[in-house]
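Below: one structure in C-alpha cells.
Order of writing sets the labels: A, B, C, D and E. Residues in every chain begin at 1.
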Amino acid sequence: MTESMLHLFEYEFFRNAVWAALLASVTCGIVGSYIVARRMVFISGGITHASFGGIGIAYYLGLNPVTGAAVFSVLSALGIEYVSGKTNVREDSAIGILWSLGMALGIIFVFMTPGYAPNLMSYLFGSILTVGKTDLRLMLGLSAIIALFFIRFYHIILFIAFDEEYARAHRVSVSLFKYILISLVALTIVMNIRIVGIILVISFLTIPQSTANLFTKNLRLMMIYSVIIGIIGSLSGIYTSYYLDIPSGATIIFAFIIIFGIAKAIQAARTSAGIRRQIG
Amino acid sequence: QSITSEGEKIITVSTLPQKTIITKISGDKFSVNVLIPEEGNHETYEPTSRQMAETGKSMAYFKLGHLDFEINWLGKLAQNYPGMKIYDTSKDLDLIRGAEVQHGDHVHPGGVDPHIWLSVSAVKIQAGNMLKGLIELDPGNAAYFTANYNRFMVELDSLDAQIRQTIQASGVREFMIYHPSLGYFARDYNLEQIAIEQEGKEPSPRYMSKLITIAREKQIRAIFVSSQFSKQSALSLASQLNARVEEFNPVDADWMENMLDIAGKIAASNRQMP
Amino acid sequence: MQEIVEIRNASAGYSNEVVLHNVSLSIQEKDYIGVIGPNGGGKTTLVKLILRLIPPMQGEVIYYGADQRNLIGYLPQVSKTDRSFPISVNEVVLSGLMSANSGLRRFTRSDKSRALEILEMMGIAHLRKKSIGELSGGQMQRAFLGRAIISEPRLLILDEPNTFVDNKFEHDLYELLSHLNERMAIMMVSHDVGTITTYVKTIACVNRNLHYHRSNIITQSQLAAYNCPIQLITHGEVPHTVLGKHHHNHD
Amino acid sequence: MTESMLHLFEYEFFRNAVWAALLASVTCGIVGSYIVARRMVFISGGITHASFGGIGIAYYLGLNPVTGAAVFSVLSALGIEYVSGKTNVREDSAIGILWSLGMALGIIFVFMTPGYAPNLMSYLFGSILTVGKTDLRLMLGLSAIIALFFIRFYHIILFIAFDEEYARAHRVSVSLFKYILISLVALTIVMNIRIVGIILVISFLTIPQSTANLFTKNLRLMMIYSVIIGIIGSLSGIYTSYYLDIPSGATIIFAFIIIFGIAKAIQAARTSAGIRRQIG
Amino acid sequence: MQEIVEIRNASAGYSNEVVLHNVSLSIQEKDYIGVIGPNGGGKTTLVKLILRLIPPMQGEVIYYGADQRNLIGYLPQVSKTDRSFPISVNEVVLSGLMSANSGLRRFTRSDKSRALEILEMMGIAHLRKKSIGELSGGQMQRAFLGRAIISEPRLLILDEPNTFVDNKFEHDLYELLSHLNERMAIMMVSHDVGTITTYVKTIACVNRNLHYHRSNIITQSQLAAYNCPIQLITHGEVPHTVLGKHHHNHD
C-alpha cells in the first residue's frame, strides 16, 4: 500500500492535487474560521453566483472569463458590504440580493453574446485532479497574502469581528478593514472554486472550522486546527478515492464529515466524564 | 414583428444543428423554431417569451431524444400544449447506453449518451424520422419532402465518405476528449474515444492515472474540449501530457461543415503542432 | 483646564426620531460628570453622539488635542455580544487597547501584563481563558469594564456601569473610578442617585434637552430654576435594611 | 400596448407563467419573510444543493428524481435543524455541512449508476415560461398549506422566531414547530426552484422582503407587502422580457432590484424630511 | 400552602462546568423569594434550572398542579434580542400569553386590551407600535417585564428586574410586584439589598450551593450560622444624597 501511495506521486496531476489540497486547506482554514465566526458562511454561495455576472460580461467583451469572475467577485463582495452597511438590509439578505443581481447580469450578457452560449457554470466547477500549475502559483500567492494579513492584523480583525461598534468608538477604520477582508474572502472563494470546485469550497470553509470549534473557542486556534483538519481530511479523502476508485471531491467531503463525527463523539464523552467527575 | 405572419406553419426543435438538418427536408414549408437548450447550463437556461410563443404555435416538436433538457422539460411543454405533436427523432437508433442493472425487484436501463447529432449514420436515421413526421403533418407536400430527403441522403453519404477518408488517411485510432460528446462519431469510424469525464462523470484518481498512462502509450497529442466549456482543466492535463487543447463546437449551426471540421481536427490530433 | 470634547448645539437621533435637541456640553480634563434622566431620555444617544457612533443631525462634536489616539474608553449599555463568538475574556479586555493607530501594532508583554492586572482588578482573572459567552451577566459586565479602562484613555464614558454587578464589586468599582478620575475625565450614566451624588463632581440631566449642573448636589429649587426636564428620581424613598458583612468562601 | 398585453394571455405558457409568478410570490413572500427575519436566507442555497443527494439516490434506485429531491430536501432541512439544535454548530455552518453532504452523496450515486451520467441538477431547474400544469397544481396546494399554517399559527411562529428560549420557558413545543417550519421552507424552495429556477427563487425569497422591511418592522405586514411586491415585480418583469425579447428570469430580478432602489430612495427622502421638520 | 415547583437535590451547569451542587428548593403559593449571591454564583443557572431551560445533571425539578399551562412568567437577565427583528413592542408583551396550549389559540379582544393595560402600567404605551429594536435599554426592559407578567402566572421569576430602569419606575415596579404577590408567587434575583430586604419575604443565598433563609432580614450571625457562602453585600456603605422631586415635562 505504501508503495503504491508513493508511486502516485510520479503523476503530476497527483502532485498538483496534493498541493491544491494543502493550499485550499490553508486559505479556507483561515478565511473559513473568520467567516464561521461572523456567521456568514452564506457568502460562499453568494460570491460564487454573483461572480457569474463577471464571467458573462467578460465573455461578452471577449475578455478572460476567469479574470472577469475574480474582478466581479471582489466587486460584489464590496457591494455586499456596502449594501449591508449603508442600508439597513441584513448581511445575509444583502448577499441574496447580490447573488441574484450577479446571476441576472450573467444571463443577460450571455444572451447578448452572439452564438451558442458558453456554459458559465463550467468556469466554476473545477476538479482537484485537474488543477493547473498557474492556478497553483496564484493560490500560493494568495495563501501567502492571506496568512500574512491575518497574522499581521489578527487582533484588529478579531476585535472588529467581535464588536464592530466598539471598534468604531475606538476610531479604528472599521470600514476599510471590512472592505479589505471581504475582498480577501471573495478572492479566496473564487480561487478555490477554480482549483477544487464550488462543492468542495463550501466543505473546506465550514466543516473543518465547525470541527475545530468543538474544541476551541479561540479564533487563532480555530484557524490553526482548521488548517490541520483540512489537510488531514483532504489528503485522506484523496487516498481513499484512489483505493475505492471513486471521485475524490465526494470522498474528501466524507472524510471531513467523518472527522467531524469522531470529534463530536470525543467531545461528548469528555463532557460527560467531566460532569460525572465534578458531581462524583 | 417576429411572430410569424399569418398562415405560416411552425415546428420546434431542441438544438441549432437539428434545425439545419430538418430544414434540409422541410425546405420552405415550415418555419423552424429552436429552443436552444444549453448543455449543462440548467441553472441559467431560459427561453425567451417569444421562443415560447412560437413553440405554442408549433404543430409539432421534434425532440432530439435524450437531452437532459428534454427529459425534464418536455413533459411540462406537452402539458402546456396538448395539441402539439411530439416526435422522437432518435427512434430506431442504436443508442450508446450503460448496461441494464438489476436493482432488487426492478431493472432500469443505463443512461443514454445524448450526442446523437454528432454522427452521420445517426443523423440518417433521424432524418428518416423527421421525414415521417413532416409527411404526417403536411401530407400534401409529401413528395416535396421525400425529394428533399433523398437529396439530403446523397449529401450525407458523400459527407460520410469524406470523413471516413480523412480519418483513415490520418491513421488516427483514438482521440482524447474532456466531455465525451463524440461517442457516436467514434463508433462510426472505428475510433476510440478516451474521455476524461468517462460517461460524463467526474474522474477518480485511479482512472486519471490510467488515463495518463494510456495517453502516453498512445502518444496523444490533443485533448478535445467543447468551446462552450471552460478549458482550464483540459489545459492542465494537456500540459502534463505535452499535448494541446483542441476546441470544437458540438452545436454549430452549420452542421455539415462542422462535421468535416471535427473530422479534420481528429485526423490531425496525433500530430505535434508547431 | 483643557477641553477634551465639545458638543456644540447638536441635535441627534435615529431615522424616525430626533432624540436630542440642540444640546451643548464641554468635557474637560479631570471632569467627573454624572448623566441622569428618565428611560428614553436620550442618555445613550448622547454617549453615542460623543463617540461619533451616530452623526449629529445638526451642530457639531469636536475633539480637542493633537493626539487623538487614546481619546476615549467606552462601556456600552448593551453590548451586541454573539455568545458563541470565539474570543476569550482576556482578548476582550485587550481589545480596549486598539485605537486608530495602535490597533495595528502587536501586543507587547507589558500590554499583556496590564491586561492581567485589569482582570485581577475586575475579579475575573481566573476566568481569563474562558470564552466570553461562558460568563455570567455580572462577569461579562466586568470584562467590558476592563476593556474600557485598560487603555488609560483621556475620557472614560460608562453607560450604566453598575448593571448586573454585585454590591461588593459595585462599591470597589466606584472607588476605582474616583481613583482613575485623578488622571482622566469620566462621564457616567447611572440611575443610581446614591452613587451619582456621592462620587461625581457635576451632573447632566438629559431628557431630550440637556441641563448641566456644576455641582453634584441639586435641590428641588435649583432644578426648578434650571427648568430641568427630568423625571422624579426617588431612590431614598425605598427603605433599606442592610445585610451585614459576611465571609466569602470561594472555591 | 394594452391590446398586445392581453393578446399574450392567449398563450397557455403565458397564463401559466402568470400563475407561477403569483404562486411563487405568495409562497416566497410568506416563507421568505420568515427566513429573512431569522437571518437564514442561506438555507435556499443549502436546501437546493443538499437535495442533489436525493436526486442521485432516486436516480440510482430508478425512482422519480423529483420525488427524491423533495424527500431529501425535507430530510436535509430536518438535518440542519437537528445539527444546529443538538450540537453547538451554528445554523449557517450546519447548512454548509448538509449542503456538502448532499452534493457528495449525489456525486457518488451518479458515479455508481451505470451508463451515461445525467445532469442531476437539470431535474431541479425550471423556467417560469415552461411551467407545467402538474407543477402549478402542486404549488397551489403548497401555497394553501403555507398560507393556512402561517395564518393559523402566526403568533406562535413569530414568538418562537423572536425569542426561542422564552418560548421554551413557556413550555411551547419549540422543536416541533421548528421542524415543521423548516420542512415547509424546504418544500417551498424545492417546488419554487422547479417552477421558476434557483436564481429566481433566491430573488423571490430576499428582495421583496428586504424592500418591505424598509417600510415596516411588522412581520405580518412584511409578508403581505412581500407578496404584493413579488407580484408587481414578477409581472412587470415578464412583460418587459416579452417586449425586449430577453430572458424573463433576469428581467424579473431587475424589476425587483429597481423596486428596491425606488423604495430605498423614498424611505431616505422621507427620513430626511422628517428630521428636517423635527429639527426645524 | 400549595407547592408550585420543587427542586430536589439537583446539580446543574454547563458542558464544561457544574455550577450548582446538590441544591434543593421548594416554591409555594404566595412565596416572595429574593435570590442573592455574588456574580457567577449561579443565580441565573438556578432560574434556568427551574424553567427547565437546562436539564438537571442530577436530581430533579418537579412541577406541581394539574394545570401546568400558565405556570411561569419569566424575565431573563439578558434577552438574546435581535434588534432588527420585525416585532413590535405590543407583540412582545402579547408573547407572554403563549403557553403550552394557549399559544395555539388566537388573541382575543380581551388579550389585546390586557396588553394595552400592561403597556400603560409599564409606561411604554406610547411606544407600543415601535419595533423592539428602537427602544432604549430601560424601555426594552419594561417591555420584557410586561411580557413576564401579562399572563398572570402562578410563579413569576425575575432575573434582575431593576436593570436599566430609572428610579421612578423601579419604585413603582416594586410596589406592583408586592401587589401581584397577593395572587402569585415571585422569585426575584437582585443585587439591590435595599429592595430585597424591603419587599421579599424570604431570601435564598446562591453561591454554588443554596442556602435558604426563611426571613427577609438576616444578620451577620445568622449568616455565619448558616455558613452562607455569599460575598459581602454592602449597599448601605455608599452614602446617599437625595435629589428632590422635580417636574417632568414630556413632549
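Structural remarks
We take it that a residue touches a chain if its C-beta (ideal position, glycine included) is under 8 Å from a C-beta of that chain, and two chains touch if they have at least 3 such contacts.
Remember, predicted model here, so these are calculated numbers, not experimental data.
When the partners of subunit A are compared with those of subunit C, the chains appearing in both lists are D, E. In this assembly, B is the chain whose CA centroid lies farthest from the centroid of subunit C. By the count of C-beta pairs in contact, the leading chain pair is C-E. Subunit A and subunit B have centres, each the mean of its CA atoms, that are 37 Å apart. For the pair subunit C and subunit D, the distance between mean C-alpha positions equals 45 Å. Per-chain CA centroids place subunit D at a distance of 40 Å from subunit E.
The set of subunit D residues touching two or more other chains comprises 39, 88, 90, 107, 111, 199, 213, 246-247, 249-250.
With touch defined as above, residues shared between interfaces to two or more other chains in subunit E number as follows: 16-17, 80, 84, 134.
Taken residue by residue, subunit B touches two or more other chains at 40, 43-44, 46, 201-202, 204, whereas all remaining positions touch fewer. Working note: touching chain pairs come out as A-B, A-C, A-D, A-E, B-D, C-D, C-E, D-E. Remark: subunit B residues 2, 40, 42-50, 52-53, 55-56, 68-69, 71-73, 75-77, 79-81, 96-101, 103, 106, 108-114, 199-202, 204 touch subunit D in the complex. On the subunit A side of its complex with subunit E, the touching residues are 88, 90, 271, 274-275, 278-279. Subunit A contributes residues 8, 11-14, 16-17, 52, 65-66, 103, 106-107, 110, 116-123, 125-127, 129-133, 135, 194, 238, 241-249 to its touches with subunit B in the complex.
Those residues of subunit E that touch subunit C in the complex are listed here as 14, 16-17, 37-41, 43-44, 77-78, 80, 83, 123, 127, 134-139, 142, 160, 163-171, 174, 191, 193-195, 197-198, 207-208, 216-220, 223-224, 228-249, 251.
The residues of subunit B lying in touch with subunit A in their complex are 16, 36, 38-41, 43-44, 46, 196, 201-209, 212, 227-230, 232-237, 239-240, 249, 251-252.
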